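Next up: some structures, all given as structure tokens.
Below, subunit A partners subunit B and then partners subunit C, in two separate complexes.
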Partner chain A sequence: MRKKGYRLLAGLLCIGLLSGCGGNAGGNDGKGSGGNSAGTDTQNAQTGDGAAADLSNIYTGELERNVTIRVLENDTAIEQGYFQELIDAFNEAYAEYGIVAVDANMDQYSNLADDGPYGYGPDVLYQANDVLMKYVDGKHIYPIPVQNLECYAQIPDRAWEAYRREIDGTTYYMAVPVNVQTSMLYYRKDLLPENWETEWDDNGNGIPDMVESWSAMYRFSKLRMEEKEGQYGYMRSMYDVYFSSSFLFSYGGYVFGNNNTDPSDLGFSAGDSWMGASVLLQQASLMNEGCIDDTITVNAYSKLADGTYFATMTTPDVYTLFLKELILAYQGQGMSEEEARALAEENLVMTKVPMLPASADLTEENPELIPLKTMGGVNGYGISAYTKAPNACLAFVEFATSYDMIMRRCELLGIAPARSDVASQRGGTSEMIYQSLEEGNVVLMPSITEVDQIWTPAQSFFSDLAKDAFREPGERKYDDPDKLKAGLTQVDTQIYDAIFTLSGN
Partner chain B sequence: MKSTKTLRVMDTVITHVILVAVCFVFLFPCLWLILASFSKSGSIYSFDGFFPSEYSLDTFKMLFTDTDMYNYPRWFRNTLFIASMSCLIGTFLVILTAYTMSRFQFRGRKTIMKTTLVLGMFPSFMGMIAVYIIMTQFGLINKMWGLILIYSSGAPMGYLTQKGFFDTIPGSIDEAARIDGATNFQVFLKINLPISMPIIVYTALTSFVFPWSDFILPKLLLKEKDLYTVAVGLMSLGETEFARFAAGSVFIAVPIVILYFCLMRFLVDGMTAGAVKG
Partner chain C sequence: MKKKKMRTEGVSQMFLHGGKNVRASMCLMGLGQLLYGQIGKGLLYLFVLALAVFYFVQRGFADIAGLITLGTKEADTWLGIEGDNSVIMLLMGILSVIAAICLLVCYLSNVKDAYETQKICERGGKPASFREDLKQFLDKKFYKTVLFLPILGVCVFNILPIIFMIAIAFTNYGGTIVPPKLVDWVGGSNFVKLATLSQFSPTFLKILSWNIIWAVLSTALNYFAGLGLALLLNKDCVKGKALWRAFPVLAYAVPGFITLLGFKFMFSYGGPINQIITGMGQKAVGFLDIDAKWIARLIGLLVNAWISVPSIMLLATGLLSNRDASQMESAKIDGANAFQQFRHITLPFVLFSTTPVLISQFIGNFNNFGIFFFLRGGLYIDGYFLASDTDLLINWLYNLSINNNYYSIGATISLVIFVITSLISLSIYTGSASYREEDTFR
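== the complex of A and B ==
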């Protein structure tokens, strides 16, 4: 009798547990069904006859009422207070609909593909084009009817290109560009030689030669090293593919063929890209062994501040970090915070990258100069396919990419906007980057998933190349053009193998 | 005689040299981190050789006051809550499991023991994907109780040490108590538990320390920054936040040290209890 009772109890508990699972699964279905329908909608949108018709299935045009949308922003925007301003302004503007935008409160690099299907991802996310476009294959983000947005005409086609996907002859845009990321040169004005205006300004344009050409930078780096041990000119981790590959692109190299869409055509060794590798090798000879790995990337902030380095190359979004370190360094010299800040803002210069000698010989006198084609990215807003309020999300994206908000973003974060009107209004670096993008001197990171496979082989090569500068003359691996070409060809082969060996193609 | 003395001296010297070398390997990184956390500049690259050139408490001050982006006090509270609850529930479950396995004979006991022994050989992260999916089904993602549940329910798997301890307590004591009319629960509570203090303390310490320093599970289950534990939070710091990382890593040891000093008395008392017969 007692046993029977136990069995009955166990049975009831099992039923309760299973129904609990069902309930939860159902609960999740609610989310999941949003997700599923979203997935279906996306699929329809991507494979249907007309983009506008299919997108209207997602964006009905009627704002959802009393909803909370979770927005994933980058840490700098949160830290500098821009994001709070943005959501406050949006919430005020959409108060009558009861739409509230909140911080998703997640890691800025969190993966929507992991969290979205289970209902824990953000509704709107601000990430780089290569990251956002990775979500497209898994249908994790919705296409956006960008033609209807106010910012559409203001953003150049090259920026839209980063988010464009052609499917069955129909073009879809998967996110809205906000910010152009590319390499910039940072240097300390107060570390220029006193006589730079007479000795280091050959063209008399008031800009020091060393920040205009890599050849002059090479000469200046050599001079600084000779002047004092442990002091350097230009410093950069060669290991970093994002920056080092720029030198290959400038001499004919590329990542993928057919405008970065054909992964079977690898181009790290294309054209005369070996000349770019040769430039890197010459630069590494005037650095320390920190250029082999990530050391310089990490220590550049404090080393530029203490005067050990004269210049480095990195992205514009870290300007505030350099500034912060320089202010601390000046304060350490006994200045007040205000004095230190004023001096740091005057002496820390962020400008466009120098030009390269066409011959790739940094020691050549009066070389013909060509522009450095830097690798870049476009950060933008995407809309999760798991959101329950796509119309509210679209409203948020439109609001966040409006002239006023992008202008405010520029003022607070010093970003290079994708909007032409803001770029021209701001002038300076913002306009400079915008022009580089327009002129094709910013090579956008490929927006296809195969891009994941380029980093490790290329990192290994650049690391080995940097190491070569510290090898004994008889042991050098890259001491002639053929060896450089062979090294780059091997990079292409390794990437190709990584992409296709297990793909069955 | 003289050579024996020489040998003894040599033995002492060599032993001490080896001990000092081993200590150096273990202690140097800790010492370096502690000193680095007091660095005035906060940057690893401004050190004078291995150690900071100037010292201050600014980093610790910043750790607890500059909380806009990196809310260390909150991470600390979260970790303390998760570790404390896991410790309480986990210790209770482990002791019960071990006592049951040690004192009672029932069908399937051996099979359960063998199964747990085999299951214990697999690394805990092996089931992470399954854990994640189960937690999503139960709606326990982004919930600290989800983590507590996993830590506590997993704890009894490691009951063998505790069972070994209970096995050393003579069964005749239980029989004597039962003859005097004690129930199973009374035997456990009034006879076995008081003389098992060392193993309870040991269990509590290990049950606390594992959740306290774990990274994989909180990283998997806690998506929101406000719910981060110290381990996850420290890993999310920006690349220029070395000073904060060092100070945070040093401060995380404080509760463990306090707990150890508080519980050490019970550990020693328990071990010496009954050692001297009257």
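== the complex of A and C ==
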């Protein structure tokens, strides 16, 4: 009897299990139809491949209500309190829609391509053009209908260019430019020779020659070295591609061909770029070995403050660090903080970079001068393609790039704005950088993924070049133009290899 | 071999001589147990089967199909097409294969269990109750209970990533082919590429030979320096041993990358060492610059010793306290000098216990990523393909896979490194006294 009962129970359970399978099998049918629909989707995707994406699909024009948008800002904006002001103002303006902007609380260099697809990325990102544009290939950021934004007309075309991309015959703008970053010359006015107005101002324009021309800077550096051992003129770590490549660009070099969009055309050795390398070599000969590695980059703040260096080249965002060191140096000489600050602000000058001799010979008397084309970048706001509230994000971007907010950003962070109205209102450095951009003397970092591959090969070459200035005459690797050209060609080859050798997977 | 043959015979016995209840279990997991009246166990097997069926119908079969195709629909966020994520599909596919293997193991255990119960019944015994079976897991089969969670952890956190990495080596993942683009299987073409690409092979051989020299030298240096320090601080004549031992421990306690960055600064042109050199009127030395091949390698060895010697010293200190003092005394009476005592008593004694540690040190040094990444990263040298003359295989792998996004090539090189280190470690270990005289207590 008991055995029968077990058999019955076993039989019932088997039936149950099998019917469960049947149910599931039905479920499977359902999935099968899903599979069909997926097939239809695939078909749609295939037919849609050639079609341009319609932005009205993304931006319906109707603001999402009661949503929180996570904004990734740069650390300086957060630390200086600008970001808090921005989101407070935005949240107040959009309170009636229940839209709240918050700090995404992520590393400023976090990668949307890694985080976004899994729902962890920010909704709005503030990053440099080379970083933001890396996201375009995988369509990790949405294009923005910039023509409808208030700031559109105020931003020069060269800044928009950094965010322009043509896909399937349609031109898209992937972010809204906020500020321009490029190289500036920092020098100490109080270290100029006493007679500079008579001896070092050939054109009599009231600006010392050494900050107007690299040839005069070379002469002055030599003079300072001869005057006192351990004292230098212009100093800069040469390995840094961001700064050193500017000299190559000025003589016809470039990163990628076809306006920085064709990675198969490498241009570090293009034109007469070797002349730029020759200028760097001449400059290195008047520095110490610190120019080979990052020593000068690290100690430039203190060495400029203690008078060891006369000038250096770096980005405008570190002005406060130089100022702080100079104030401390003056205080060390017995001045009060107020006196020290006033004097430091007067003596520390940040200005546009000097011009180069067309011959690339820094010792030439009265050379023809050409502008130094500095490498630069445009930081801007982009919108994640994984956001659930694209309309609210667009509203945020428009708000953050408005005249008032950009003006406030300039006041608090000292940035060089991409907006012409703010730049002209602010004047000074902001206007100077804006003008350089307009005149084409700022070469924007390429906005394609392959830009990642340029740094190490170029950095290795610049290190080697700087080292050459300290090699014994018989051991020098770059003592004639052909060798310089060969070195630059090697850089192009290495970058090409890094991009293409394995890409045929 | 014999054991394996017996096991195969056992399985065939089950299938050939299994009674109707065993066959019932073969048809449906747990059915045989239910027919024997083992309700709890039968239900448990059925539950496992139901769970597996549910999982496979819900997603398992699709995951296995995904593992084969690695996706058919490319995502397009602008058009609102979600698409397939090949990398996730690969991962989930591997998980589903693991689930299928687990199900097969459960199935075989269910048949085996039914067969064992049949044999008990044939001998006139009674099938074990569920409670009796459970008790076994606290008694005879306690090792299974204890090992269950660790094995699960090892499967999820060790084996799965390793299988994933191996699988990546057979795909074209990397470069421009990263999600949302669809990844595809490419067979062994990455291995072929590694062996045949004209730029690749010379660099691979150069880096491999330096890597082997590095691993041997750094392991030997760390080991003997650690042992020497331990012996020195073990001497009765040394005063304040605890204090002296604390210094290396302090070096050990500082995070490795901070130590490395500190050393990088010390050896830089602006660092204190060059300050002293230039202060003495000499020319600054480029310890780590582009021309500093062998100097940089030597500095790498010494800095690595600074980081690793303390751990060996601590280990050796513990082992030396177990040395047989009478043996040393006898050797001394027999006229053995200090070196002979070390060579014939201390070294074999320490080596016997520390061979596995030595092997792990060797593998650790072979794959020591941090040393040259922090000391001399960011350089490509002429004659090397996207590498410098101090880079180890692991650094080159990083350059290729992370810097240049060639994940599949990176995984391929990882596999090659894995094979090399495994072969070296296994041959050293199987030839060592630790393995050959495993049961000997010293």
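Following the convention adopted for this analysis, the second predicted complex is superposed on the first by the 451 of 505 C-alpha atoms of A that agree within 3 Å, B and C clash if a C-alpha of one lies under 4 Å from a C-alpha of the other, contacts with A are read in each partner's own complex, and residues count from 1 in each chain.
Please note the rule applied: contacts are C-beta pairs under 8 Å (C-beta built on N, C-alpha and C of every residue); 3 or more make two chains touch, one makes a residue touch a chain.
Quantities reported herein were computed from a predicted structural model and do not represent experimental measurements.
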(message) According to the stated criteria, A:385 is in contact with first (subunit B), second (subunit C), both, or neither; which is it?
(response) second
(request) In the overlay, answer first, second, both or neither for which of subunit B and subunit C A:490 touches. (result) second
(request) Classify the contacts of A:460 with the two partner chains as first (subunit B alone), second (subunit C alone), both, or neither. (result) second
(request) Using the superposition on chain A described above, determine whether A:120 touches subunit B (first), subunit C (second), both, or neither. (result) first
(message) Between subunit B and subunit C, whom does A:93 touch in the aligned arrangement: first, second, both, or neither?
(response) neither
(message) Which chain, subunit B or subunit C, ends up touching more residues of subunit A in the combined arrangement?
(response) C
(message) I'd like to know which partner A:321 touches here: subunit B for first, subunit C for second, both or neither.
(response) first
(request) For A:299, decide between first (touching subunit B), second (touching subunit C), both and neither. (result) both
(message) Taking the stated contact definition, name every residue in subunit A that is touched by subunit B in one complex and by subunit C in the other, in rising order.
(response) 20-21, 24-25, 27-28, 298-299
(request) Spell out the part of subunit A that touches subunit C in their complex, as residue ranges. (result) 2-3, 6-7, 9-10, 13-14, 17, 20-21, 24-25, 27-28, 31, 38, 41-42, 44-45, 48, 53, 57-58, 113, 117, 137-140, 142-143, 288-290, 292-296, 298-299, 385-386, 449, 452-453, 455-457, 459-460, 463-464, 467, 470, 490, 494, 497-499, 501-503, 505
(request) Please give the residue numbers of subunit A that touch subunit B in the complex, ascending. (result) 20-21, 24-25, 27-28, 75, 78-79, 105-107, 110, 115, 118-120, 297-299, 301-303, 306, 321, 325, 328, 332
(request) Please give the residue numbers of subunit B that touch subunit A in the complex, ascending. (result) 41, 43-46, 68-69, 136-139, 141-142, 223-226, 236, 238-240
(request) Flag every residue of subunit C that touches subunit A in the complex, lowest number first. (result) 24, 28, 31, 34-35, 37, 39, 42-43, 46, 49-50, 53-54, 57-58, 62, 72-81, 83, 85, 172, 174-181, 186, 189-190, 193, 197, 199-200, 268-271, 274, 283-284, 286, 288-291, 378-382, 385-386, 388, 399-400, 403-406, 408-409
